[in-house]
Structure formats: C-alpha cells, structure tokens
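What follows is a set of structures to go through.
In the two assemblies presented below, chain A is common to both, partnered first by chain B and then by chain C.
Now for the complex of A and B:
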C-alpha cells in the first residue's frame, strides 16, 4: 500500500496524456446507465486506459461525475490497486506474503531496489520497470516468488535476478 | 437531541429497557437519544448533532459511546456504538456496565496512544474534546505504545492550520465541508493507521479551493484544524513606538466574546471589549460597524442603480470573504453578479489609511490596522493581492474573537469587572443597521432600510423588517418599496448559497437582491467565534443579542451616521461615485476548482 505521506504533491501533467484516451473514458462514462456508485468501476477503466491515475485523470472523472476531486482521491488513495504514479513497461511484483518472506523475499526485494535503483512503487529511469511489493499470490510452494507482469518466477535466488531482468531488456 | 426526536414523532413506539428502567421511545430513536431520556449520559466524541443546520455526523468511528446490549437468550452480551444503533422491541441496554466502561476506556486509550502528547502547548489546550474525554473517563495510563503518525503540519494558508497528527478521523470536518458547505475540499485519505483527512491529492490547503469559512475548525474536536495564530504580531505592533496601531471590531464579536469568560451566551459586551482594547494600548479603538455603514451607502446605491438602469439582477452581497471565494472557485461564470463593494473591514482599512491618515497627519505606512473578526476567512482576505496594493495593506493583521479572548487573558485583564467605554471617533461612530451585519439577514435588512428611504424619499415608519429575519438557512421575503416589490433571497451556509447560485445560473432566479453568508447562521456562528461545541442554542442567543444591540442604538439607518456623511462630504464625494469606486470597490477573479 502507498502510504499517504508518500504520495507526492504532484504537479498537473501537461500535454502528455492522449486526448483519445480521455475521449474513450468519457464515452465509457456516458455509456453507463447511472454513475451512482460507479466511481470504482470508472477508475478501473481509467487505470486500464492510462496505466495509472494521474491528477488530471482523477479531476476529469470528478468533473464528469460532478463530485469533488477530494472524493475521487479519497477512493484512489484507499485502494492499493489504484496507482497514482506511471508504471513502467513491466511491473515487478515481489511477494511479501508470510511463506515468501520467511524464505527471504525481503532480501530479493532489497537486491532489486539496488539493481534497479528505485524504491518500492517507483519506476526505473529508463521507464522499463516498476517495482512493487505485494501480498500472497497463492504460490507459496514456490516461495520466494516474484512476478513480472503475469509471469511467475518461483524459488528465486538473488544471483538469478540479472538473468531474469535481462529477458525484458 | 430535541430535533432528532421530532423526526420520530409519528413513528410506532418501541418498548426498551435502559439500565433496567422501562421506557417507550419512537422507532428510529438511537440508544444514545433514548439514554438521555432516563438521565444516562453516554460520552461521545465523533458524534455531532447540529440538527439546526441539518448536520448529523454519524460515522461511529471513535467507538467511545459503546454500550452493552443484554442477550440473555444466548447468554452473550454484545457491545454496540449507541450513536448509530437504533432501538428495537425488547432491547435491553446497559450504559455504565463494567464491559461498557472498559470498552469506552479502551477506545480512548487507543486514540491517545496515537495522539501527540503536547497538550501544554496545543492550540486547543482546555478546549479539546479528546482531552476533556480523557479527563471525564479518568484515563491515568495508556496501555499501548507504538508507532505514531508523523505528518508535517500544513502551514501553507493564511487562515487554517492543518495538523494531521492530531486527526482522530471523526470526519466531522468532512461532513461539514461536503454536506453542509458543499465545498468538497476535505476527504479521508489513505486507509488504516495512516488515514487522515485532507484535500485532494494531499495538496497544501492554499492550493485547494478551500473558502476558509472555518466551519471545519468550529467542529474539529481536537487541534487537527485550527486558525493561523496572529496574536504575536499584534503584541509586536503594540510595542513598536513608531507605529500608530488602530483596532476595529466586527459586529458579531461583541455578542460572543463574553463566552470566553464564562458569561451567559448572548451577553452583549461591547463596552467591556472597548475598555479591554484601550487597556491593551491601541492608539484608537474603532468599529468595523463604521465600515458596515459605509458598505451600505455603496451597496444600497449599487442596488438602486442596478434596479433603475435594468442592470444585472439579482445583486449579491459581497461582505463575506468565504462566500466570495466560493463563487470564484465554484461559479466563475457568475462573477458579474456580486456587488463590487469591498467587505466592511477592508473598507474601514482603506479609509483608515487615506482619510483618517490625512486628517490626522499620520504616514499611512506607520498605521497598523488590526481587525478583530468572528471569521477565519478574513485572515486570508486581508492578504489578497488586490487589497494589499498601493504600497500599504488595507488591513494588516486579523485576529479572531477567540484570539482576542486569549489576548485579554494573556494581558491579565479582568474582563468581567471592566467598566464600559465608548468607541473612539470618527471611525467608531456606527448605527444599528451596521450591528445587524453580524447575523444572517442583517446585511440585507440594513441595505433595505437605506434603499427604501432613498427610493421613496420618505422616512420609514417601521425600521425593522421582520420578514428578513430568522435562522433557517434558506429564506425568501418580499419588501414593498414605494410601488415596487423587491424580492429578497437569503442564504446562510454555502450549501444553501449553492442552491441560490444554481437558480441564477439556470436563469430561474426570481430575486432582486440576495444576501449570502458562508457560515450557517451568519457571522455569529463564524469559524473564529468561541467554540459552540455542538450547542446551536448559543448561536440563537447571539442572534437575539445582535437585534437587542440594534434596538439600543439611537441611529439605526446607515445613511444617518453623521461621521459617514462627513466622510462623503469632506473626502469621497457621491456614494458610488468616482472616488468611492476607486477606494471602496474591488474585483473578483476566476479560480481553479480542486
């Protein structure tokens, strides 16, 4: 989970967000029979479209639904699924569930931070990877587990990390 | 409680037992309400019932009002929050059983385990509801120690300080901001232990569309939301021999300041307040009411001009800076509608640094104007760039009624035993019309008193316009002025203002003039007034006092204030004329909504 105090006071994004995606989001919202209680569904759609939920997208949703920006942000900051930072091309998720943790996933995470020069929830400078720590993925028998996008890597050893990362470079 | 009970009147009656006493209450009554009927007081914290302004905070997040429900069938009693649990047939509740008390204490201990231990230096020391509760429950030891929240204080704005570490997540502010004021600035951010209340994207308050009405401050039980403290600046100015320090007091201050000294709510303390300010060393003690009379001269002229020339109607009053900021953020397309008049204390400041300075041969740069206001938004208003141009500020320092109370105590002045004094002249001269600026309905009544006489050329037989008075958040009335009927709308509370603004925007407004005040009830319930702690009866008493004070004045119409007439004759020329425009009018600008 992103802690509230780690959320940057980020500046509005200018000119980077494609208009077509806003159009698509708008069309989606217009297609809903009612927007009452649909905020989370709309945010899901928005995150799928943009890859993340930057301030301008959240404000767009707020304006469109006629609700305060604070209300939208309240929901976005509540659910760990929603992310307010752009994600890299690939998302590396390190399982910090109990089984993985006792088998050293914390060390794997530290190693990845070092290799990628990022903290958790950050994106690498080349935009290729986002590093995330997640809870149990249900593959405890393979602990420690990391996932890159949808692919699962089991019984990961520190010395294998370079090889795994290279296949995405 | 009375108001909530009224809602249940036609409902079927339910038999329950509280602390082994049988009673019948209407369906829908909460255990908390029912318990009061049998004299059992259950402590509460997050719960806040301000039914007069249609606000009830029902988050049940603090768990302080826990009671024990008897379940003899299963022999397993359970604990429930009494503020949201409604009665059901045969229910048996124990409000002070060992289990209930233990649960209550635990809740408070848990809140305290993550609360800064700095009561001594806290802005809310001795006015904090959490502190009072810890005392009431005699918490002597906190069983848990652990991580504590550690957020930076938000000192970005000129009006409100936000200290998330002191937030207990009761969400009263959020209810006030969203449901009553409809500003939508504050929302719960994050989840679990780290959660706190703040603006969208956790931006600093100054970047949000906050109007600084301060109603969140008025209902915050702790010091998570407080006003920016400007007392030290006043002491500094008073101790600077080169400065000529003058003070003005808003109309609503004199009917509330007494609360700070344990006096009966609604006590009029005008004379004592003036004496206290003189004892504190101000070079002159003046009255914002002078500025209010001046405002009426301009606003009534503008109203008549707009009515006669078929210009934009309705005209909206512009005395309330929170309301002005609200329209700038929320309805920028309607910025042509409000009167262009500066607010009374800003008009006063302008006149102090021009007319008064010239008359007394004082360099305006050496004049410090201090405003004592019931309001937090006035602090930010005084810093608006267009009101601080021409090398000197219109108003230099704004302190609230509360801050004045603290200053009087700090100065060791025994307020209760002070004799009465009169305001200094010329800027202390004022009428009853100015006094009623402090309550909802007052500004428009004052404007009508003057506009009526000007439009008809006849003296008013009946000075009081009772149809404009009241406490409801949204009112309308008609006033016969000669052969014309003026339709008046009155809103207090920004949610009510929004309703009127939407009707104007949609071309459905039927009003000629509208008075808007941001705080429900008007300035008497301002964000800078002594805390009412959820008791709205205090606000009603202040309103009664305002009208009493009006009755006490010999002159009750702004255009009969002799010093105002002299000001126009010697300095300003015609009301709404060229000089008046340059000095007393301002402009508004579109602002971002976030």
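Now for the complex of A and C:
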C-alpha cells in the first residue's frame, strides 16, 4: 500500500488558506503510525482544521500520501460528511429522518429556505448561516428537530423559527 | 462512597436536547447548598427510552420515576423528595387513559411489556464509570469465556442461543463466528458496525451512549472465539457523544487490564480501535464498511468471498452490529438455553425498536420477539396522537415496507415481517396516521435511497433515480397509468438485479405502498378512467417473470 512520500510537498497556490493549518495537518499525518487506510481519518482532521476541504487541501493530502488527487477527491465526494464549500458561521441542520418527516420537517425546511433566501447546502449572503438537511439526529422523541451547530431544538414550530434565528444574529 | 439516595438523570441525546444537563447541574448545586453531598448523588445515565416524556429523572432506591423534568424542578426534587421524603406529585407520570398517577417505572404501560436484555444497563448505570458496569455483572462473561470455556464452546453457546444479526439481515451470529473461526489465518479481525444509518432508528447510538462496555466486552468475547486479536468499531462521525463515551470506556477497560495483553491471565490479547464513518448509508453493508475502514470509498463488493473468508486487508473478518454484541455477554453468563427461551421458534431473544412518528409515546423499546404490532403501538406506544386513526407502520426503514391494519396482530419476527412484505431492518418503527399520504412516503424513501446509492452498480444508480422521478411526476399530478406500469417494472428490476442489499431492498416502500394503497396512487393519476391500458398488461407479465426467479 501507499507510504508517505518525501518528495515535493504541494505548496498551495492561491495562498488564501493559512499556512499554519497546513503545518498542523502535516504534523498530524507525520504522527500517524502508518498512513495505510488512514485517508478518511486524515480528511476528518483536515475538515476540522479548515472547516471544509477545498481543492488545495485535497491536493496537499494527496501529495503527502503519494496517491493521485483523484483518489482523494473520490473519497471526499463519496461521503456526505465532507464538504468542498466553506460554511457559514453557524450551520443549521434540519433533520429529515423519517420520524421528523412525518411530523412536518419538510415544511420547516421550506420555511427556512424562504427566510434565509438560500437553498440546501448554500450559505446566506451575510455569511452567517449554512442550511443543511441531515438524516437523523436520534432525537426522534422531539420531532421535528433542527440543530444549529451542536444545539438541538426540538418540537420546532414554523412560527418559532424567527426567534431561534435571532439568537444567532 | 455509598449515599442514601441516587438521583439518576437521563443523559441521552434526546433528553440532553431538552436541557437534562442543566437539570443535573442544578441538582448538584442545590444538593451542595443544602449540605447533602453525603446523602444524595447525581448520576448521569444513558437513555431510559421514554424519550417522549424526557428529561427523565429516577430516584433510587425509592424507585420513583419523574418525567419532563425541567431545570427549575431540581429544587423541589432535592427539597421535597430527598430532604423531606415526599414525592413531587406534579412530576410523576400520569397515565392518560385512566388519568391516574403512576410512580413506579415497572407499572407504567410504556415499560410493562418490555424486556430489557440489550438495553439492560441503559438508564441504570453511569456509562462513564467502568466500576458501575462491573458492579452490575460486567466483564463476568468475558472472564467466564476466557477462564472456563474453549473457543469452540463459546461459538457453540452463541449458535445454540439462536441469536441473529440485529442490524437488519438476521443472519445467525453463531454461524458467522464459526465460519470466521474455521479460516486458517494468523490475523483475523472483529468489527462492530455502529454506522447506524436508518433515519429514525437510534438504538445503536443509545447502547453506545448508555452502556458502551457491553459492546467492548462482547467484542473481546467474539475476538477470543474467532481468534482475532484486533477489533474495530466503525462509528458515524455524527455521533459525538457516543464517540466520546466509547473512548472513555476503552481507556478504562485498558486501565483495568480488560483490554490489552493476557486478559484475565490467559494467553488471549485483544484491543479495539475506532474508525469514523463520514456519512454514507451504504457503509452499513459489511463489504462497503470494510472498504471504508481502509480509507476508501465505501462501495460494496461482490460476495463471495464473504468477509469471514476475505475481509479487512484480505484477512478473515467478522462484522456484527452493536445491538447484536450487546446481547452476547448475557448469553454467555446466563446461557444459551435462557436466551433461546425468549422469542419465537426461529427468532430468539428480544429486539429493540425505535418507536417514532405519530404515536403518543415515542421512544426506544425492547420487547421479546413474537410480540404483536398492536401491543407495541397501542399498549406501549399509547396509540395514535391527537385521537387520529392508525394507517400504517413502516419497519426496516428505507429497505422495508408498510404494514397495514390487517397485520397488526402478526407476531413480529424476522420471517413474519418478510412474509408480509417488509423486513426487520435495524428496528426503526415509524407509525403513520390517516393524514399521511403514502405515495409521498414512498417518494420520501426513494429520495433517500437515490441519494445514498453509491453508484457502483447500474440498476441501483439509475433505477432508483428513475423511480424517484416517476414518483415525483405522480405526486405533482402529472402521472399516467403508463407511469405506474413503468414504476412497477423498474421496482422489480432494481430489486432483482442490484449488487447489494441497498438496491435489492430500495423498491420495497414502493412495492408495498402500491399493494396496500393503490387508491392513493390512483388519486394522483389523471386517466383513472383507463386503468387497463396496454402498458399495464405488458408490465404484469414482466413482473411475473421477475418474481419467479
């Protein structure tokens, strides 16, 4: 299997991404006992650091591991947890699990799209919110559920949305 | 230090969302302020299951069960109950039918018919303290297996218990262990599948949050039985609380020498790593899961070879689900005969269901196999919300079908569910009432499988997409009878020719709603007047062919 390459570590071109984060990512990769099978783990770390996985980060990982960039992109695009777009300051996740769906989460999602003027996986104009739909939070007793960052709001009603959003504005 | 009272507060995800952490904080503050630290202790437990009425607080040894406790109620619980010994009546559960107050957990209709094996410690012990697990008989099974049983005896015990995989397929666990054990290889692996992807099922999460040691202990037992010294828990990255408790538990087990070298003085060594998923439903399929563990795209492989022969990095690998593992320690300590005495002829033991949707008591319930839907939905679940009428219940999530009123008295087990057009799945049970439109439900599930199809095989990748498009056309009022025919034909084609379980079961929601709720499809179709067009005739023959194989 692949081993970390010593050669030409990729230098980010656009220069917008902070170098110290690349250094931290590099240190993390070097600290692994073996990089065999560790690609997903490394991408989790990278997304934690940068907030998302832009092309430069993917290529950096590819060069470090000595694998084609396409292989990294293949993994990034396969898993819904990984995102190649920057996120807003807060992430609003609307649970679209079945329990929430039958209790009207689709209407909550529509209302949020309307209020924030975005589609799913888009960022609001002021950069404050990203709207997402997720599968199941596991809080089915409180359906319908939305999550803002790590905070769960249960039994959400359409008319409560403004109040909830205002606490983040 | 032993205290006079233990205040158990639910720290599961559902109750935490209703501020149970604040309840805990307030209880601790008030107990301290009253100088009762030596008298009462607050314990954060795993999920009690009764999520509808959360946050739950239980006082031991008084055996009083409080529901919907808010942060402000902490004062009354301490001042009235702990100090003065008077129960706080307004926080007790009120049974809606008879309108009477019930203060003991076992008298509540929600718990009366339950039998807790896999969830035995959830809501009872502090999951972050290995000593509490040990005090309730934990690691006794591992000790018994390692010191007094041969590997064959362990496999045989699990085989005789009749335990079947709780993740969905229902494959006999003992046989899986036996096949993996038989392989001739120095390196074998045992993997715990904690990639709970069925939207609306959260039992694996609750077990890992409420009783992580039961899974760790079972994996060590399994490792001993099949000859694996390494275990992997593959868990969703979206479950931060479960991951943190699992890490705590693993570290404590290592400190106590229950993981590591020469466990219980035997020559058996075992340790467990955690691998994180990244959000892909198909990774619940074992070959896809193994691919994901090696850092690749989580696409399934052709079977055979089965993982038991050639799995993780090409070595024999046994993959079991969280709930399956949670049953193992009890089977070893209490014996296969005890376990086999619960349940039906071909499905032994209990099953955890996540009861959700339009039912009054949403929550996690564990019941013996063979119980009926009516008992779960109407006795345990308290019936339908808002006095509306029951319409259907969906089991097996996106892979299952809808079950209608005529089957409410069917005893639930793996085989009976398949015979009525659904499946056990991981145990999601979504109840729907008369206001739910079943065509839209089918469309909802198809949207899910279409999104989650990994794209490896054509029938699933394109078939689910086309089916979704047809359903979308129908629900927007533009469908014709020809669309229904095409939908049916596609459904059987995708079912019959997909590579893995995801595609093979994806059409189930469509097939079962077409069967039971034909009139709801017809209500969307424009040319109702011409229900027997030519297309229908052709489709009928094709379906016959597809089902005959």
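Basically, the second predicted complex is superposed on the first by the 156 of 169 C-alpha atoms of A that agree within 3 Å, B and C clash if a C-alpha of one lies under 4 Å from a C-alpha of the other, contacts with A are read in each partner's own complex, and residues count from 1 in each chain.
Following the convention adopted for this analysis, a residue touches a chain if its C-beta (ideal position, glycine included) is under 8 Å from a C-beta of that chain, and two chains touch if they have at least 3 such contacts.
These numbers come from a predicted model, not from an experiment.
Looking at the shared chain after the overlay, A:74 reaches both chain B and chain C. Within the superposed three-chain model, A:145 lies in touch with chain C and out of touch with chain B [touch as defined at top]. Using the contact criterion defined above for the overlaid structures, shared-chain residue A:58 touches chain B, although it does not reach chain C. Between chain B and chain C, it is C that contacts the larger number of residues in chain A. In the superposition on chain A, no contact is made by A:48 with either chain B or chain C.
The residues of chain A shared by its contacts with chain B and with chain C are 74, 78.
Interface residues of chain A facing chain C in the complex, by the touch rule stated above, are 36-41, 43-44, 74-75, 78-82, 96-99, 101-103, 134-143, 145, 150, 152-154.
By the touch rule above, chain B contacts chain A in their complex via residues 150-151, 178, 183-192, 194-196, 198-204, 208, 593-594. By the touch criterion stated above, chain A contacts chain B in their complex at residues 1, 3-5, 7, 9-10, 55, 58-59, 62, 67-74, 77-78. Across the complex, chain A is touched by residues 13-14, 16-18, 51-52, 54, 197-202, 205-206, 237-240, 275-281, 292-299, 313, 354, 356-358, 362-363, 394, 397, 428, 430, 432, 436, 441, 444-445, 448, 454 of chain C.
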